[in-house]
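A, B, C and D are the chain letters, set down in written order, and residue numbers restart from 1 in every chain.
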Amino acid sequence: MSVPTEQLLVLSALLFSIGVAGFFVRRNVIVVLMSIELMLNAANLAFLAGARHHASLAGEWQAEGPVMVTFVIAVAAVEAAVGLALVIAYYRRKRTVSLDQLTPTLD
Amino acid sequence: MNPEILNELYAGAGAALAPLLWLAAGLSAVLIADVFAGLKAVRPVLVPLTLGGAAWSAGALISDPAGAVLGGSFLADARTGAFALVFLASAALAWAQARRYYTEEAPFLGEHDALLLTAPMGMILMAGAQDLILFFVGLELLSIPLYCLSAFRRARTESVEAGLRYFVLGAFGVALFLMGAALLYTLTGSVSLEGLAAAKELLASPMGATGLALLLASLFFKAGVAPFHLWVPDVYQGAPTPIASLMATGTKAAAFAFLLRLVPALPAEAGVGLGLVAVVTMAIGNLGALGQTDLKRLFAWSGVAHAGTLLLVIAGAVAAGGTDHQEAVRNAAFSATLLYVAAYAFSAGGALGLVAWMEADGEEYRSLSRWQGLGTVRPGVAAGMTLFALSLGGIPATGGFLGKWLAFSTAVRAELVPLAVLGALTSVVALGYYLRIVVDLWMRPRPEDAAAPSAERPLAAFAAGFSAAMVLALGVAPGLLLGRLIG
Amino acid sequence: MDTAPWPWLIPAAPFLGALVCGLLHVGALRRRKADPEAAGMLAGPVAIAAMAVAFAVSLKGFLELQGGAAQVWSTRYAWIPVGEFTVEWALVIDRLSSLMTLVVTGVGLLIHVYASGYMKGDRGYAKFFAYLNLFVGMMLMLVLSANMVGTFVGWEGVGLCSYLLIGFWYEKGWPAEAAQKAFVVNRIGDAAFLLGMFLLAGVFGTLDYAGINANVATVAPEQLGLLGLAALLLFGGACGKSAQIPLFVWLPDAMAGPTPVSALIHAATMVTSGIYLVVRLNPLFASAPWVLTVIGAVGAATAFVAGSSALRQRDLKGVLAYSTVSQLGYMFLALGVGAFTSAIFHVVTHAFFKALLFLGAGSVIHGMHEEQDMHRMGGLKRHMPRTYLTFLAGASALSGLPLLSGFFSKDEILAYAFASGGVSWIFWGVGIVTAAMTATYSWRMVALVFFGEERFDAQAVHPHESPAIMTGPLMVLAVLSIGGGLLGLPPVLHVPHLLDGWLAPVVEPGKELLAAQHGGHLPHLSHAMEWVLLGLGSAIAIVCARRAFLAHRGGLASDEAFAARQPELASTLADAWGIDRAYKLLIVQPLMTGASALAALFDLALIDGAVNGIARFAGTSGERVARQADGRVAGYGVVFGGAAALLAALWMWIGA
Amino acid sequence: MPLLTLITFVPLLGAVLLALAPLKDDRALRLGALGVTLVNAVLGLLVWQGFDPAEAGLQLVESTPWFELPGAIAVNYSLGVDGISILMVALTAFLMPVVALSASGHVKQRVREFVVWLLVMETGMMGVFLASDLVLFYFFWEISLVPLYFMLGIWGGSRRLYATVKFFLYTLAGSLVMLVAAIALTYQAGTTDLARLTEWAGMQDLTMQGWLFAAFALAFAIKVPVLPFHTWLPDAHTEAPTSGSVILAGVLLKMGTYGLLRFGIAMFPMAAVEAAPLFMVLGAVGIVYGAFLAMAQTDVKRLVACSSVSHLGYVVLGMFALTTAGLRGSVLQMVNHGLSTGLLFLLIGMIYERRHSRELDAYGGIAKVMPTFAFFFVFSVLSSVGLPGLNGFVGEWMILLGSFEASPTLAAIAVTGVIFGAVYLLRATRLMLFGPVTHEENERLPDLDAREIGLLAPLCLLCVVMGVMPGPFVERTAPALDRVEARIQSAREQLELAATLHDAPAVAGEERTR
C-alpha cells in the first residue's frame, strides 16, 4: 500500500540528478540556484525515506531524519536569501545574471 | 515541550558552549553598537573583547573539558578547545587586518565584524560535531557569512564575483553533502559519527560508498583538496584579503578538525587512496603556485598544497586503523593536524595580513613584482614576509617545519613511506615559489617607479608581529605552547 | 740506535737561509718604492753561509762514518699516524746519503758562490737565493730521509723549487710555461712514485728504507710480483725526476731558468735523485731482474736519443741539457745491469763536470750579453781565457778523454754492461755509440764557442771574462772534473776502488740478491778484457773528439753541410726526435679538447641540463595546472561532480 | 659552563644584537661581527682544550628534554662533540673570524644584514656538527641553508639568483628524502638520540640499513657534492661573494662528508660496506672528472669550484675505503680542503675587488705588480695540489694509501688526480701571475694590504702546521674513527656469515640434484 523505500530513493536520485544536470548546463544564476534547491529537496526526500524505513524497522520514529530536514529547509531559505542578494549585486555590476559573464581570472 | 528533555539537553552546556555564547553575544553587541551612534566609542573594543572572551573560555576547555553536550551532538573536549583557539586566532588576525583595509565600505564595518564573528562559531561547531546534523549547521554557519564577506566590497566586480563563485559552488557542495548524509542515514539509520563508525561494513556497499564519497567531496571542497580546489585561487584573489586569510586558515582548519573526527568511520583500506589524493593535491597546489605573480593567488595555490599535506595526516590516521598502534598514530595525527593548522594560521594569516597591510599603499601590492626590493625600504615587512614564507616552506626554526615533520611522521608511521617521500619532494617545488618571494624582497632592486610605501597601520603591524612571534615559538618551543594544550 | 739532533742542521741550514733570504726579498720589495733597484744583496752571503754550514755538518757526518759508525740517526719526530704504522720525520746519514750530501752541499756551495756573481743586478736577487737555498734543503731532505715519505717530501720539494727557478724570469712568458711543464711532467712520475710507495706499504707495513731493504730477501715468493710492480712504479717516479724516456721532455725546456739553476738542478743534484732512489732501494730492484732490464733499456734508449739530439743543437744550454739527459741514461743503464756503485760514481763525476760546463756556459752567456746561440759565438777563447780553460776541462771529462773523471766512471759502466752479457751487450753497444756521440757533441760545442771566427756583431757585443767570484768556482770544479776519477779507478790498476769500498755496505744486499740469481757470482771480466775495453773507450773518445773538433773549428760549414745533406735527419735530431711535439699533439691537445668537450657537452648539457630540465618541467606542468583554474564556475562544477563520482567508484572498489 | 651551547648560540645572540643595535656605522657592525666570531674562536679553543683525545665517545655532552607532543616522539636538545666533529667545530670557529674580517673588502652595502647572516650561519654550522639528536641535527641542517642563500642572493655575482635558488632547492631535495628516512628511523628505533640510534641501526638487517642508508646518503651526496649531483656547486661558488665561497668550501660542503661519515658509515655499517664500491668509484671518478672540468674553465673562480669537486672526491674515496688510513685521511682532508680552497677563494676575492673580473684572460703578469699576492696565491695552490710538507699532502696521502689498500685500481685512478690537479691549478697560476702584463689596467693594481695579509697569514700558518705536524689533529679523531672501523669490521663479519648461510643450502641443493 505504501511506496517502497527503494522507489523513494530512486525518485530522490532522479531529482538530484536533474538538479546536478541543471547545475552543469544552465548559465542563468537563478536557474542554477533553482537546480541547487532541487538537489537539496532530493536530499530531503531521501532523508525522510530513510527515516520512514528505519521507523518501520525499529517500530518507532527517530528524530534525526525530520530534524535534519527541518534544518535543511531553514538553511535553504537562508542560502536563497544570500544567493539572491549576491545575484542582485552581480547584476548591478554586470547587468546580467549569466554565469558566462563572470570575469575570467586568467588572462 | 518537556522541560526535562531540555534539562537533559543543556546540562553542563554552559561551559561547553561558552565560546559559542561569547561569539553570539559579541556579534549581537556589535550589531547593536552599530545601530546606536552613542555606542560608537565601544565599537573598537567589542570584537577583541569577544574574541578574547571566547578564547579564554576555549582555553578553559583544554584544561577542563566539558564533554559531550546537546544530547551528545557536540563534544567540547580539549581538542575542540584547542582547535577553537586556532579558529579564533585566525578570526582575530582577519579582524586586525581588516582595520583600515576597507575604504568605501568603511561605514559597513559593523556588519563585517558581525559576520566575522559568526564564522568561528561555525568552525567551532564543526570541530566539535559528533553528528552530521550539527556539522551541517556548523558548515552553513561558517559558509554563509563567508559568502557575504567575500562579496563585501560590493562596489567591486571582483569581490562580488568572488562571492558569487564561492556561493554557487559552495551551495553545490552543500547539496552534495546533504545527499551523501541522506544516503548514509538511510543505509545505517544513524547520523552520528559513532553510529557510522559502528556500521563501517555497511559503508562498503554502493550506496554507502556513494554517500561517503559525496560527504568527503564536500569536505574536500571546503578544504580545497584537489580536484575540488579550482575555486580557491579565484575566490581568494577576488575576496578582500582579510577574508581570504580567514578562508585559508580558519575554514581549512575546521574542515580538517572534522575530518579528524570522521577518521574512525573510514575503513583502513581507504588510507592509501586518501594518501594518493593528498599527494596529488600537494603536487597540484605547489605546481599551480609556481608561476603565480599575484600574491593572493599564489597563497591560494599554496593553501591547496597545504591542504594536501594535512590530508596526508588524515590518510595516515585512516591507514593505521586496525593496527596495534592505531591509537598512537591517531594521537600523532591530532598533534600533527593541530600544530600544522596553528602554524599555517599564523604563517599564511601573517603573510596575507602583510599583503592586506601593503594594499593600503595601492592595489598593485597584490602583485609580487611590487614587492621587489622591499627589504631595503620596509625591512620589517620584508622580514616578516620572509619568515612566513620560510615557515610555509617548512624551514626549521618555524612552526611550519615542525608541522611538516609531524605530518610526515604520521604518514611514515602508518607505513605510507613512498607517499611521504613523494610529498616531501613536492615541497621542493613549494620552496621554488616561496624562495621567489624572498628573492624579490631582498635580492632584486626596488623598481624605479615604486614610491616608498608609507602606510602605517599599527594594528596590522601588531598582528604581523604577533604572528611572527607565534611562528617562531611554534617552531622552537612547541612544547611550551602546545604541550600543555594537547596534553 | 743513538740519535742526535745535529743531522737536522744539514737541511735546516739552507731552509733557514731560504727564510732569511725570503725576508730580505720582502724588505727589498718594501724599499723599492724609494729605490727601484733595491734587491736585497745581503741574500748572497747569507745563502752561501747557509750552504757552508750545511757542507760543514755534512762533513761532520762523513767523518763520523769514517770513525766507524755505520749510520748516524737524527732525532725523530712523529709525522703521519697512519694507524698501522706511523711515518716519522727522521734523517739518517749512512754511507750513501753522506756521499750525496757532500756532493749536494759541496757542488751546491760552489754554485751558490758563482750565482752570487752571476745574478748580480737582478731585481729578484734575494728571491733567487731563497729559492736556491730552499732547493738545496729539499734535496738534502730527499737524500737524508730515513723513509720514503720523507724522501717524497724532498722529491716534490725539489720539483717545486725547479718550478720556481725555471719560471724565475716569468715576465718573459715562456719560462713560466717551461716551469709548468716541468712540474706537471714531474708529477706524472710522482704519481707513480706514490703508487709504488703504497704497494710497498702494503707488503712491508712500513716505509722505512731500513725496514724495506732488510725484508726484501724474506718476502714470500708470491709477493715478488708485487715487489716488481712497486719497483717499476718507483722507477716511473725516477723517470720523471731524472728525465728519462718517456718523461724527459721537461728538461730541455727547463733551460729557461737562470744558468746556475741549470747547473744545480739539472746537472748536479735533482736529476740524480732517481738514481739515488734506485740505489737506496737496491735490494728491491735486485729482487725484480725484469725491472732492472727495463731500467737498462730505458736508460740505453734515453742515452741514445738524447745524445743524438745533442749533436744538432744550436743553443749552448740545449746541448748541455740533452747531454745531461743522455748521461742520466747512462746512469740508468748502469743500474739496469746492476752496477749500482758505478751509477753513483757517474753521478758524482757528472755532478762535477756537468756543473762545471753549465757554469761555464753561464759565464759565456753572461759575457756574450745573454746570447745562447752557438752559431753566433766563436773565437771566445781570447776573450774569456779562464772560462775557456775550465770549460775545456769539463768537455774533456764529459767526452771521456782518458784519465779524466768521466772516462773512468763511464768506462766502468760499459765494462760492467759488457761483463753482464746477454741483453746487456745491446746496452753496451748503445753505450759505445752514445760515448762516440758524446765526444762528438762536446767538441763540436767547444769548437763552435771558443774557436773559429767571431760570428757575433762585434759592434754590439763585447765579450768579456766573468769576475773572479764566478771563475773561482769554475776552477775548483775543473780540478774535481779532472781528478774525480780517483774515486774509482779500475781494478786493473790494482789500486783500491774508493767508492766501491765506501758504498759496499749499502749495495751489498742488492748485489747478493743479484748474485743469487746468477748462480752465486757477479759478472766479472778478465784483466785483458778490461784493458781492451779501456783502450776501446779511449780510442773512441779521442777519435770522435778530434773529428768533431776539426770539423767545427772552422765555423758553421760543417753544420750547414750536414743540414744540406741530411735535412730530415738534422731537423729530427734538432727536434729531439719530435717526441715533445708528439706529446703535444697526441696527449696534451686531446686532453684539453676533451676537457672542454666534457665540460660543455656532458657536464653542462647533459647533467646540468637534466637538473634544469626538471625545473623547467615543473614550471611548464605548473602552468598547465594553473590554467585549469580559469574562473569558469560551470566547468568547475563538472570537475567536482566527476571527481565525486570517481571518489565513489574508488570507495566501492576499495570496499569490494 | 655549557660550552657547546655557548659556542652554538653566541653567534645567534650576536646576530640578534647586531640586528637591533642602533649602530649607524658599518665599521662598528663589522667590528661587532669580528668580535663575536673571535669570542667564538676562543670558545672553540676551549672546546679543543677540553676535548680528551683518548676518548672515543661524545664529550662535553649537554642534554635536556626539548619537546614532546602526544603521539610524537620525545625530542631532546643534546649537544656533544667527538672525534668526528671536533675538527669541524675547530675549523668553523677558526675560519669565521677570517671570513668576518675578509668581508669588509667585498661587502660594501647592507652590512648589517650581512653580519647578521654571517653569524646565523655560524650558529647553523656549529649546530650541525654538535647536535647529537637526530631531530636537532636536521633542524640545524636545514637552517644552515638559509644564511648562505641570502649571502649568495644579495651579495653574489650577476647570475646569483639562479645560483642561489638552485643551491637551495637541490640541497633541499636531498634533505627532504633524508627527513622521511630520519622519521622512519626514529620511530622504528623509538629514540632520536644519535648514540642510541646508531646502536639500534647497527643491529638491523641489510635491507633496512640499505634503505635508510640510501636516503641519508642521497642528502649528503648532494651536499658534498658527489658526482653526478655536483652541478649546483660551480654555480654557487662562482656567484657567491668571497665570504660565501669560503664558508661554502670551508665548512658547508663538509657537512655533507661529515654526514656521510656519521650517518652513512657509522650508523649503517653493513649498508656502507655494500655501498662502498659505488662510492669509491664515484669518488675516484669525481677526482678526475672535477679536474677535467677545472681544466676547461676560463673563469678562475669556477675553476677553483670545480677543483672542489675533485678534492671532495678524495674525501669520499678515502672515507668509503673503510680503512684506517682512509678514514683518518678523509677527516683530515675535510679540514685541509677548507683551508686551501678557502685561501684560494679569499685570494680570488681580493683580486676581484681590485680588478672586477674573474676571467683568466683579464690577468697575466700579476706577480710583478702584486708580489705579495703572488706569494700567497702560489702558496695556496701548492697547498691545494698537495705538496708534501703542507697540509694537503698528509690527507691526500693517507686517503690514497687507505684506498689503495681497498682498491688499487681506484687508487690508481685517483692518483692521476695528483697530476691533473697540478695541470689546472698551475695553468691558472701561470695565466694569472706570470708572463708579461698584458692589460694596462693591471699595471697599477695595489698589492695586498695589512688587513688582507693578516687574514691570509693565519690560514697559511695552519697549512704548514698541519702539514708538518698533523699528529695532534689526527690523534683527536683516531679513537672515534677506530670505533667506526670496529663497527665496519663486525658488519663485514656479519655479511660474510650471512653469505655463507645463504650459500650453504644452495650447495646442499646442488649436491642433492647430483
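For the reader, a short list of remarks on this structure follows.
Keep in mind that, in the parts below, contacts are C-beta pairs under 8 Å (C-beta built on N, C-alpha and C of every residue); 3 or more make two chains touch, one makes a residue touch a chain.
Since this is a predicted model, take the numbers as computed values, not measurements.
Counting C-beta pairs in contact across A-C and across A-B shows that the higher total falls to A-B. Think of the whole protein's Cα atoms as having one middle point; the chain whose own Cα middle lies nearest to it is D.
Averaging Cα coordinates per chain places chain A and chain C 97 Å apart.
With centres taken as mean Cα positions, chain B sits 26 Å from chain A. Separation between the centroids of chain A and chain D, computed from CA atoms only, is 65 Å. Once the centre of each chain is set as its mean CA position, chain B and chain C turn out to be 78 Å apart.
Chain contacts: chain C has residues 615, 626, 629, 631, 633, 637 touching two or more partner chains. With touch defined as above, residues shared between interfaces to two or more other chains in chain B number as follows: 165, 168, 172, 176, 233-234, 432.
Under the contact definition stated at the top, the residues of chain D that touch 2 or more other chains are 169.
Here the chains touching each other pair up as A-B, A-C, B-C, B-D, C-D.
Of all the residues in chain D, the ones that touch chain C in their complex are 166, 169-170, 228, 230-232, 289, 292-293, 295-297, 323-325, 328, 365, 367-368, 371-372, 378, 382, 387-389, 393-394, 397-398, 400-401, 404-405, 408, 411-412, 415-416, 418-419, 422-423, 426-427, 429-430, 433-437, 468-471, 474-475, 478. Residue ranges on chain A touching chain C, taken from their complex, read 20, 23-24, 27, 99-100, 102-106. Contacts from chain C toward chain D in the complex involve residues 29, 77-84, 89, 149, 152-153, 155-157, 160, 163-164, 167, 170-173, 176-177, 179-180, 183-184, 187-188, 190-191, 194-195, 197-199, 201-202, 591-592, 594-596, 598-600, 603, 607-608, 611, 615. Interface residues of chain A facing chain B in the complex, by the touch rule stated above, are 5, 9, 12, 16, 19, 23, 29, 32-33, 36, 39-40, 42-44, 46-47, 49-51, 53-54, 57-58, 62, 64-65, 67-68, 71-72, 75, 78-79, 82-83, 85-87, 89-90, 92-94, 99, 102-103, 105.
Taken together, the chain B residues at the contact with chain C in this complex read 165, 168-169, 172-173, 176, 203-206, 208-210, 212-214, 216-217, 221, 227-234, 267, 269-270, 273, 284, 286-292, 301, 429, 432.
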